[in-house]
Amino acid sequence: MNLMLNILLNVFIAFFIGSILIGLQRKIMARIQGRPGPPVIQHLLHTLKFFIKESAFPKTAAMPFYVAITAMLFVIWVAAVIDGPVTEGSLLLIFAIYTIQKIGEHNAGSSSGSPYGKMSCVRAVYSAAAEVPLFAVLIIIYLKAGTMNISSIINYQSIHGPLLFTIPLAAIMFFVLILSKSQYSPFAITKGKDIVSGYETEHFGLLRGYLMISESIAWYMLLWVFLTVFLGPLSLPAYLIGMVVLSAIVAFINAVTPILNPNHSVMMQVSFAFIGIAGSIVLLMI
Amino acid sequence: MVVSILGSQIIGIIPLGDIVFYMTSFNLFMFAAALVFTFIIAISKTETQIEAEFGSLGDREIKVAKKEFKFRRFLAIICGLATAGAMVTGDLFDFTLFVCLIGIVNIGIVGAVKQVDVLDSAFQYGLIAMIASTPLFVGASLILAATGTISILAINSLTYTTPMMLFGSILLFLGVAGETGVAPFFATKAEMFRTPGSPFLLIIHLSSLLIIVRVIEILLIINKPF
Amino acid sequence: MLEVYIWFYAGCTLVIVGSLATVIGPGVKDPLVRTLNTEIPAVGLSLIFLTYNHTIALLTFIAATSIITLILLRTIVRLEEMGAEL
Amino acid sequence: MKSIGRFWNSLANPDRIPRFYALVLGIVLIAGFLIPIGLNDHQLYPRPEPQLQINAQDPLAPYDRGGVTFEQRGIVKAQYPQYLPAIGEITAYLSPIAMGVDHTTLYYGTSIYSSPGGLIDEILYYTRGFDTVLESSILMMAFVIASFIALNFTMRRED
Amino acid sequence: MILVPDVVSPVVVAIYAPAVFVGIIVALIGLFGISIEKNDLQVLILTDIVGVAMLIIVAAVGTDLAESLVLPGLVVELAEILAICEILMSREMRKTGKSVSLIPTPLNFDMEVLQTSPVFIAVILVIYGAFLSGFTGGAIAGGGILFYVMSLTVRGLPSDLWEGIAGASGIAWCLWLTGFLVLFVFPNYWLLGLMLAAFGVFIKVAFKAGLIGVMNREEFRKE
C-alpha cells in the first residue's frame, strides 16, 4: 500500500479508537460509581466540537510558543504512529517520543501564564519521575529479547512465546505507566481536578482540539505498544479486544482509588520501579 | 560497512577527528526535536504570571525584565544546542562534557531571578551538579580504563562486558541523574520551575529528559547482556 | 624505579590525610580553615600528577586551584560581612 | 505506611537533596572496592614509562613523541587515523624559539613544550578538538552567569 | 629509547588499582562530609574534595589521553564553583537585604611595593604566558593580569575595563572556533589552525582569569 495512505489511515484509526476508548473508560468509571455517565462517543464529539469553536488566546501567554507547543504535541504523536504500527521501527524512539510528550504537557501549562497551568507544569516536572519505570521496562526488554526493534521483538515472541509470561514484572511496570497516563488515575497529578483542567485550562478552540487529538492518539499508542511488546503478534480483533480489556481494567482502578498527593504519587511510582527492577533481575538470573 | 546499534542502522557519521558523531533514526529524531524546540524558544516572548494580591481584590503581574529576558534567552539557546549535540555525539567523554555544559547553563537560567526560594533551589541544584561531575567523569574514565577506548562506536563492536564497565556505567548514570535532576533528586528542579519565563524553563526540562533517554541508549550499548 | 612508588604513595597519603583534615580536622567549623585545608589534598594530587608525568595538567591544576581558592575566600569574606546565617 | 509518607515528603525538600545524593553516591562507590579493578593495557595514546625519558636526558622529556618539524610526523595512536589527514604533524612541530631553547637546556620539555605544537596540543586541538570547544564554552558560560549576577545583583555600584 | 610503546607501561598498570582505591576513599570521605554537613557554604567547600577524587581516577589511566581529559575536569570544576558562589551570594544578599562591597575588608594596605612591583610581575607573567600560549600560557598570563588588577584595587581603575575584557574574550573564543574549523576543513593549513586555536585559547583563558580580578574590584574608589 502507498506509505502516505498507510500513515493517514493509521493516524485516523489511532485517533478514532483512542477517543472511543477514553469515552468507554469514563462510562465504566461512572457505572462503577453509580452515575449514568456520558455517552461513549462523548470524547470524540468533544474533540470535534472544539474544531468549530472560536479560538481565543490569553493576553498573558508566551506567544508563538503557546501555539507551537500544541502543534508539536500533535506532530510527535503522528511520528509515534509512523514508528509504531506503520513501520514497526525502534522501540527506543517511541520512548523518546513519550518523553517529549511530557515536555509538551509541561509547557502547554506554563506558557499560558495561568496559575493552574503553572501548577500543572510544576507537577509535570515532578512526574518526570514516572520515566524511571519506563526505562526499567526498556532495559529489561532489551536484556530479555536482545533487541530494540519492534519487529524483531515480535519475531522473538512468535518463537519464544509472549514476553508477558517471561518478564511479568516489566509488564506490570508498563501497566503502571499506562495508568499514570490515564485521566482520573491516582498518578494523574497533572490533570487532577484540584487544578481545574491542568495544563489544558487556558487552551481554547482549535488549540484544545489539537491537544485532545494527541491525547487520544497517545492513549491508543500506549495500549498498542503494551500489547505488541508483551503479547507478541496479534490479529486486528485481538488488538481491539486487548485494548478494550486494558481500558476497562484501568477504568476500574481509577474508579475506586483516590488521587495521591504529587510527591507521594511520584515516589510510589519510583518505588514500583525499584521493586520491579530488582525483581526482574532476580527472575532473569534464575 | 554496515554498522547497527541496538538493532537500528547508522544513517551517517560526522567525523571531527577522534570524536565521531553518529546518527541513527533515534538520534536523528531527538536531535531534530531539540533543534526545533530551541528555534521556537529563540523567537518566543515570555508569559506574564498573574497573582492575586494579598489583602485586596487586585491582581499583580509578574513579568520578566528586558535585560534578564535577553540573558536567559541566550543561555536557553546555548542549552538547546548543547542538548542537540549530546544527542548525536559518539564519544563518551564528549557526552559528559555536553552534560556538564547543560548543567551549568541550567543553573544560570534560573540563577538570574529574584525570588529567594528559587535561588535557593538553584543553589542546591548547583551543588548536586558539582558533586555529580565526579561520578560522570569517573564513570567515563573507568570505561576508558577497562576497554581502552571512549568511542561509543568502538565500544559497540566489543563482545564482552566486564564488571568494571558495569560499575563505570552505573556511575555514569548516577552522574547524569544528578546533573539533570531526575527522580529521586527531582525536588530541587521542580522548585526552580515556579519562576516566570516558561520558554526558558522548557529547555531545562527538555534537556534533562532527552539526556536521560540518550544515556539509557549509551548504557545499553556499553553493557551487552549476551 | 623506587622513586616513582615513593612519590605516588606520598601523594596518596597526603590526599587522604588532607581530605580527612578538611572533613573532620580541628577547627573546620570555620570555613576559612576548611578552605585552607583543601590545599593539602591539592598538594597530594600534584604529587600524583608528577608520578604520571602529567606536567601540563599539573600546571593547569595549580592555576585552577589558586583561582578556586580565591573565589572561595571572596565568598566567605563577603558572606561574613553580610552577616548571613547559612 | 505513615513513616514511608514522611520519608517521601522529606525528599521533596530541596535543602536535603544534595546530602541525599551524596549518600546514594557514597553507597554506590563502596561497590568499587568489591569488583576487580584493572587497567586494560591496550590504550589509545600510550606514553612511555614515567621518568624514562627524563632519565635518558631527552631535552623534550616527558613529551617527546618523535618527529621533525615539517619533515617527519610524530607518533600518535589515535582512534580513527583515517579521519585525521595531518596526524602527527602538530606533535612534531616546534616553533623557532622552541628549537633554540631545545638545544640549550635539558629540561625544556617540562616547562615549555605546551607551546603550539606538542603532544597535548595535538590531542587538544586536533584529534579531540571538539572537547576543548566544549570545555571553553563551559568556562565562558560560567563567566557569563557569574558576571551577569555580579553586575546586576550582588555588586554595589557607587555611580 | 622507546618514544611511544605499544602498551601502557607495567608500572602504570601496577599502580592503577591503588590509585582508583585512593580516589574512591577520598570521594567517600568527601561525600560523608557533605551528607552530615548542614551549612551550605561548608558543603560548597567540601565539593572541592570530591573533585580531587575525580582527578585522581581520571589521571590514573596514565596515557596522554588521560592527561588531556584531566583538563576539562578541572575547568568544569572551576566554572561551576564560580557560578554557584555567585548564586549563593545573591541569595544571601536578598535574604539579609544588605549589600556589601565586593572586597569587603577596607583594603588599607597602601604599601609602596604594591604601587611599583605589580606592573613588573604582571608584565613578566603575561610575556611568559604568551610565549607558552595554549592553556597553560593562558593560565599564567591570566595570573599576571589578575595580579595587576588586584593591585589596582588600591589605586582605582577605569570603570569600562570590564566590558572591554569581556568583549575581547568573546572574540578570542570565535578565533579558537575558527582555528578548530580550519583544522578539519583544510587539513593542509594545519599550522594556521593550530596558531589560531592556541592563541585564541590563550587570550580567552588569560582574560577570563583577569575577569576574576575585575570582579573583585568593581566598586573601588575611582580616584
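Just so it is clear, A, B, C, D and E label the chains in written order, and each chain counts residues from 1 on its own.
In this section, a residue touches a chain if its C-beta (ideal position, glycine included) is under 8 Å from a C-beta of that chain, and two chains touch if they have at least 3 such contacts.
Not measured: the values here are computed from a predicted model.
Set against the Cα centre of chain A, the chain with the most distant centre is C.
Each chain gets a centre from its C-alpha atoms; the one nearest the centre of all protein C-alpha atoms is B. With centres defined as mean CA coordinates, chain E is found 24 Å away from chain B.
We define each chain's centre as the mean of its Cα atoms; on that basis chain C and chain D are separated by 19 Å. A straight line joining the Cα centres of chain A and chain C is 51 Å long.
In chain E, the residues touching two or more other chains are 11-12, 16, 20, 27, 31-32, 34, 40, 43-44, 60-62, 65-67, 69, 71-72, 75-83, 85-90, 93-95, 100-102, 135-136, 183-184. Residue positions of chain B touching 2 or more other chains: 16-17, 93, 97, 100, 104, 107-108, 111, 120, 127, 131, 134, 144-145, 184. Annotation for chain C: residues 4, 51-52, 56, 59 touch two or more other chains. Inter-chain contacts, as defined above, occur between A-B, A-D, B-D, B-E, C-D, C-E, D-E.
Here chain D touches chain E in the complex through residues 18-20, 22-23, 25-26, 29-30, 32-33, 37-39, 41-50, 52-53, 56, 58, 64-66, 75-77, 84-86, 89-90, 93, 97, 112, 114-117, 119-121, 123-126, 128-143, 145-147, 149-151, 153-159, going by the rule given at the top. Looking at the complex, you find that chain E touches chain C at residues 11-12, 15, 18-19, 22, 25-26, 29-30, 32-33, 39-42, 44-46, 48-49, 52, 55-56, 59-60, 62, 66-67, 70-71, 74-75, 77-78, 81-82, 85, 88-89, 92-93, 95-96, 98, 100-105, 135-136, 139-140, 142-143, 146, 209, 212, 216. Chain contact summary for the complex, chain D toward chain A: residues 5, 8-9, 11-12.
Residues 16-17, 93, 97, 100, 103-104, 107-108, 111, 114, 116, 119-120, 122-123, 126-127, 129-131, 133-134, 137-138, 140-142, 144-145, 150 of chain B are the ones touching chain E in the complex. Put simply, chain C touches chain D in their complex at residues 3-4, 51-53, 55-56, 59.
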